[in-house]
Amino acid sequence: MAVDTMTPVQAKARAIVPAKRESQFGLMWRRFRQHRLALVSLWVVAAFYLVAVLAEFLAPTDPSAYSARYTYAPPQGIQLIATEPDGSWSFQLHVNGYKTEIDPVALRRTFVIDPEERIPVQFFVPSKPYLLAGFIPMSVKLMGVTEPRAPFYVLGADRLGRDLLSRLIHGTRISLSIGLAGVTLSLFFGIIIGGFAGFYGGWFDTAVMRVVEFIRSMPTIPLWLGLAAAMPKDWSALQTYFAITLILSLIGWTELARVVRGRFLSLRTEDFVTAAQLDGASDWRIITRHMVPSFMSHIIAAATLAIPGMILAETALSFLGLGLQAPIVSWGTLLQDAQNIRTLATAPWLLTPGICVVVIILSMNFFGDGLRDAADPHGR
Amino acid sequence: MKHSSFGPSRGQLSLRLAGAVAVAALLAAGQALAAGQAPALEAMVASGELPPLEERLPANPLVVPADAIGTYGGTWRMGLNGGGDNGLIVKTVAYDSLVRYDHEWKTVVPNLAESWEVNADATEFTFKLREGVKWSDGTPLTTADLAFAVEMYQDPDYAAGSWIDNKNNPATMEVIDDYNFKFKFGKPNGMFMETIAGVDGIHITSLQKAYCSQFHPTYNENAEADAKAAGFDSWALYLQDRCAWGWETIRFANPDLPSIYAWVIETPLTANAQRVTWKRNPYYWKTDAEGNQLPYIDALDMRVSQGGVEELTLAALNGEIDFQERHIATTTNKPLFFDGQEAGGYHLGEVIPSASNTLVLQLNLNHLDPVKRELYQNKDFRIGISHAIDRQEIIDVVFTGQGEPFQVAPRPESNFYDEELAKQYTEFDPDLAAEHFAAAGLTEKNGDGIYLASDGNPVKITVDVISALRPEWIDMLEIMQLQLGAAGVEIELNNIDRTLFYEKRPAGEFDAQVWAGDGGIEALQEPRYYFPFSDESVWAYRWAQWFNGTRPEIAEEPADWAKQQMDLYNQVRAAATPEARADLFNQVLAITKEEFPVIGVSLMPNSYSIIRNNLKNAPESMFNAWLFPTPASMDPTVWYFE
Amino acid sequence: MPLIPMADKPILTISDMSIVFSSPDEADIEAVRQVDLTLTPGKTLALVGESGCGKSVTARAVLRLLDRNASIPRGSILFQPGGEAPTDIARLKQDSLPLRAIRGSQISMIFQEPMSSLSPVHTIGDQIDEMMILHEGLKPKAARERTVALLDQVGIPGARQRAEAYPFELSGGLRQRAMIAMALACTPQVLIADEPTTALDVTTQAQILDLLRQLQADFGMAMLFITHDLGVVAEIADEVAVMYLGDVVEQGSVYDVFARPSHPYTQALMSSIPKMARKAERVRLSPIKGTVPAPRDRPDGCAFTSRCPYAFEPCATVRPERTDVGNGHHARCHLLTRQPVEAVA
Amino acid sequence: MVGYIIQRFIAMLLTLVAVSIVAFAIIQLPPGDYLTSYIASLSATGDQVDPRVIENLRSQYGLGEPFYVQYWKWVTGIVQGNFGHSFEWKRPVWELIWGRLGYSILLEGLAVVVMWLVALPIGIYAAVRKYSLGDYLATIGGFIGLAVPNFFFALILMYLAFTWFGTTLGGLFSPEFENARWSLPRIWDFLSHAWAPILVLATGGTAELIRILRANLLDELKKPYVTTARAKGLPEWKVVLKYPVRLALNPLISTIGWLLPALVSGSVIVSVVMNLPTAGPMLLRSLTTQDMYLAGAIILLLSVLTVVGTLISDILLAWIDPRIRYGGK
């Protein structure tokens, strides 16, 4: 006797008469764009990853190129406008030189930015040949100074006179990729283990959940400490890097497994899964064709939110002297270098990596939040 | 504080030590009668808690000369890094034994022993103790205590290691009477006086028989039961807890253990200590020139940081540290401390390191890989590497111009300084390097410009380093990596944990390890880089085992030149006079110069100490060494606050 | 059911009320258009329509329970309990004292899903006590006594024990009874029931309807009954108002509207209900063709234009007037004003 | 309720057994043992130990035995209240750690309290005034708290305190109170020192709590029972506080258990930087010196702390949420 002539779908959804069928991701993208903060964050994150990919091209100098003359040189900044003594001015991209004095008693160089000395900055300056991202041969850098031996320290120099900007850019590659790689691994374990637990339930589910609960109740630092100390001694920096990633994801998978399991549990009873089962589809097919796509967007959002934790963990490990170590350049090792009162007092620009950490983590979080909202507007 | 003249210029380092010490005066000044003591002690004497000063001081107290006669009072504040920082305590308080060094670290002078004699072949050393010296509990110190210490150190159940139980040449002690005794050695021990004048001397006076014997079953049949009752598994563990040897950390955790130090423990160094405090020893046996009992300073206050030194740095900047060099006086912090002098009410003193070199690159001459062994044993290869290093650049970048290119050699301050040894192969000359590499058989290079070794593999040296110990090592190695890479030798940095670092040594498969140049001043006692001397001679670890016999299972017969050095050094040990020893050791060094076993980078630059402006008699210039424990060797007993 | 004489003084008069939803990204949506409704003590007005037609929104507007993004830009909701000066609820401030004094105390509401409409972490008793403590200043003990009496009155067996129970411990029917007890705790003069029986099975539905009728007789309150179920309307209502996409298209006594549906939508509704008949005499149900357009696609004129079989020229653009078709029975349709000749029978 | 607690308790015991095995495995993982690191540190000061002495020590310490024997000894000892001896300090482990553990628990407990005190009002405000300026500020502020590494924050705080106020933040007490008994002035002294580490510790977690609370509350605010409460005539603040907040707290309470491990880890780092006598620095040191019974006991007890924290939050949850208490859904 019902008046309703329509199937009871959510009021909002039916209010929209779909002119054309949007794909799930199209729909998600449209919803995502409404979060302005998330959208901005997406661009920030994308920019950071672009920097990571193009590190060699963007970094003005080699990250390990040192210079005795410019230890602890303060940031030059980049000037746009050149003012002549007669008051006229013109557009000219340049940096100012330094006036340097050595104080042998206090053991330091004092730098004064010399506005008189202008070192022009140019784009696409030729450089020593290098391989961009490891395989594209290039011999040009985005920007730099052409005058030989002229200082170019946009963000300042560290204790060895190495260009902080270049180191930051190369550190971005390591830190961001560790986050990404760690999350990918976590995702892999998380989906497989969480998926099986959620799909089959029963004793396996109980066991997995116990293990997850157990791992999560371990304080992470000792776990890292022990695992980091147990790494084979003859491993190279690269192997250590991967090992650290693995260690981080060993803990990271638990959260994702919980999310995946939860999704599987709720999806298992959904009509479309039942329908597929009645159709005689295999479990594998149901999982891969029906269930995973239906919550992939959600998983992506969860994964995005997990990356910042990895990045933070990397910096914490480096701080304790357990993670990546010099000469590897990562945000963690850069921050480790800045971990002293001297830096805070006299070279605060070396804290820039900290700002990068904050910015990327903020962006990742906003981005992840936006994704989650977009993926699942009713499931908050 | 005047140190305007120390700068980057080379070779100008001279010692301007506080107080011209007239050693002879020490021996003669015994008659100074008890004149004064700290007001607090005076009050205790008045109330009868403490015997009068005359009864507490020995008949012939040791007189410590000083720039000025001080006043009693004050607390000396400093900072320990972490609970296990026993080193600072040893270097500040615990350096007091039979003999000691003068402030220049050159001559052995009396301390608890009034005098001594050495026989001709340096196998017998006869000592006379200062009569009437009391432990901090007021009981007299006699030869019985020393004999007990020897007995303990030689008991395998008592975990200690020192010259007393050196199995190559163990000491035996012969008690003559309460104040006279002999040390005897099977083999000549020419350097014995230097050994016990250094930090190693403290073992022999570290255990009071009356107190410590109660934990040993020989003296107390209930020792095992007592240990169980106290919660220990065995008497040995209990003994080690109550009466730990020499400078073991937990020694300073037991306030009941009587000592002969100037200050005695008030708040012990326990695992949970946030602060370790010391108060004056009322029975201390030294006086100033006017006969006033030392020390002047009432108490020591050591804050314990929890593993990070940043808080300590801030405290020092804030004027909360009275005298300290350890932990905080880093190159990095220098500008910070320099700027903070006025606000913090302190100034900076000069500290001369005992180490010769900032970084010693030790190629493993005993490498198990025959190709690498052959290459690393090739002197030309090492010379080539040395010439390929632009040392001045490293000095400029890492040390802000402090120091000079230097090999691993005795420092200019040392009697053994030899400019040729210190300076050979230090000039940066890529062509010369290439010549030497060619002489070492390296002619072919691969596409990356790296030489190919005789097995056709590129020459790649993996260098083990502990960056946690000295952060600048990584900086230096990173620069060397680029420099050597340009010269055709690939360097890989392997930044590892300390335990691992040590574990790799016996295995023999490491390429190279990096350490600082110990033995810059104390070359004779610490010749680890001059010939395969000890386990720390990493560059020839297996040869060193042949010499010192600690791990006979991996010992290898050394090259002839090394064997010759070992022979010479054994003669050094046997020589009775300093002159003879110096002569023989110079022969050892001559072979070192010829063979060039390890590669140094630069002379370890001077460091600095933080001295509060109201702290007087403190040294404006001092060494920093372990064998010559500073600042205790600079007589802080006569320092005082104004 | 007897016809309602106009003599009884209305207690709640909604006149010319519109409800607008605004969102930052899209144009405002007028979810309810110039609605007029009147409630009389002791009588029940049923508001009928499909989901999303604005009936719930209208009901909630009476207690100003709409979301933050909804507003009532025009019209009034005059509440005038026996002899007192009327209050325009539409103009009261959110969270103001006068509004809160009306909520729960004088006008109260029963919701569709008793499970989610009751707090799962408070006992039934607590939730009912709260009303009396709040509005009548009763002490907790006294309030509980009355709660138990009320629960008893709404037919909950073992009322004293059940007062200690949590909602999830009760069956759906009992929960709804508890909900009703809560709504009646302060003997309100108007009861708004927002699809109170929708979530219940048919037998329970009937019991609840009986209960409501019984209680209305006992308490004499006016009732606004929201439903999409014409069967329920027939059972409980005195008057009925039919809503379609924000418009009240037809309004009148149940008898009149059921007997002579004057609006094409009402007519279509009536013919979509199966009638009891022998199998041979059964006719196919005629569903309303087309689908309900989105509110933003609603024509300026009659909302039903797009689906109306009789739609003609002015329908899409001109909004039909509220036309009296006799005996207080109104409808909004151009057919009624156009030509009596073409009037639909 | 009792059955529930028993069930959780048994689960906890099982977890603890697993934790103890992992804790022991972790301290055994690095190559070498205490004696190798002991020899290493002696060598660094130019000292050598007779191998006989080391062999004696090894047998005195029971280090030569296989893993399972050592583990079994350790665990059976712990069950009897004997955590073993610290090699470095030659003292019973329990005697060494109880004080530090106390400070750890105190600091972390206070950090949890501060987190809740700060997060509750902000989270509620952010949810109730969704998308308002205050909400954005709270969200951004919270994320910044989440994003700034602990050690970084601690160091900057210390430096700023030094340059601005001329004080050295660090430690938990002034010298005169360090070894004093607890008294009112000592508590005050403690608080005047402890605020900084507590602040540092609480930042990350506060942000997390605000986020969870806001999300939960937004969920709950949409639920019909909120409308019911409003229809009752309750004032808005009471509507929010009594109903949705109460429900939004439930999942939040279970986060205590999850927050604790992070807090423990964070406190290790903060303690090193800010020089706090908590279990963290001792753990770090014992791990580097391979003082295994000490390290093992600290890891075990910190894990117990989190496991017990989880248990407490579970019980608390059951206590405030009748649905769990009565096994409903």
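Order of writing sets the chain letters: A, B, C and D. Residues in each chain are counted from 1.
By our rule, a residue touches a chain if its C-beta (ideal position, glycine included) is under 8 Å from a C-beta of that chain, and two chains touch if they have at least 3 such contacts.
Just so it is clear, the model here is predicted, and its values are computed rather than measured.
Chemist: So which chain is the furthest away from chain D, centre to centre on CA atoms?
Modeler: For chain D, the chain whose C-alpha mean is farthest off is C.
Chemist: Going by CA means, which chain is nearest the middle of everything shown?
Modeler: If we average C-alpha coordinates per chain, D lands closest to the whole-structure average.
Chemist: Just curious, how far off is chain D from chain B if you go by their C-alpha centres, in Å?
Modeler: 40
Chemist: With chain centres defined as C-alpha means, what is the inter-centre distance between chain B and chain C in Å?
Modeler: So the centre of chain B lies 93 Å away from the centre of chain C.
Chemist: Can you compute the centre-to-centre distance for chain A and chain C, using the mean CA position of each chain? Integer Å is fine.
Modeler: The answer is 54 Å.
Chemist: Taking each chain's centre as the mean position of its Cα atoms, how many Å separate chain A from chain D?
Modeler: 27
Chemist: What residues in chain A touch two or more of the other chains?
Modeler: 229, 233, 339, 341, 345
Chemist: Hey, what residues on chain D touch two or more of the other chains?
Modeler: In chain D, 30-31, 155, 159, 162, 272, 280, 284 touch at least two other chains.
Chemist: Return the residues of chain B touching two or more other chains; collapse runs of consecutive numbers into ranges.
Modeler: 310, 314, 317, 497, 500, 503
Chemist: Which residues of chain D touch chain B in the complex?
Modeler: 30-32, 36-37, 39-54, 56-57, 60, 85-86, 88-92, 96, 99-100, 155, 158-159, 162, 166-173, 175, 178-179, 271-278, 280-282, 284-285, 288-290, 294
Chemist: Which residues, counting only chain A, touch chain B once they are in their complex?
Modeler: Result: residues 64, 66-69, 71, 102-109, 159-161, 229, 233, 236-237, 321, 325-327, 339-342, 345-346 of chain A touch chain B.
Chemist: Could you please specify the touching residues of chain B with respect to chain D in the complex?
Modeler: 82-84, 87, 156-157, 159-162, 165, 167, 231-234, 236-237, 240-241, 244, 249-250, 253, 267, 270-272, 274-275, 301, 303, 305-308, 310-312, 314-315, 317-318, 320, 497-503, 518, 526, 534-536, 550-551, 626-627
Chemist: So in the complex, which bits of chain D are touching chain C?
Modeler: Touching chain C from chain D are residues 223-225, 227-236, 243, 246-247, 250, 320-323, 326, 328-329.
Chemist: Considering only the defined contacts, which chain A positions touch chain D in the complex?
Modeler: Residues of chain A touching chain D: 37, 210, 213-214, 216-223, 225-227, 229-230, 233, 308, 312, 315-316, 319-320, 335, 339, 341, 344-345, 351, 354, 357-359, 361-362, 365-366, 380.
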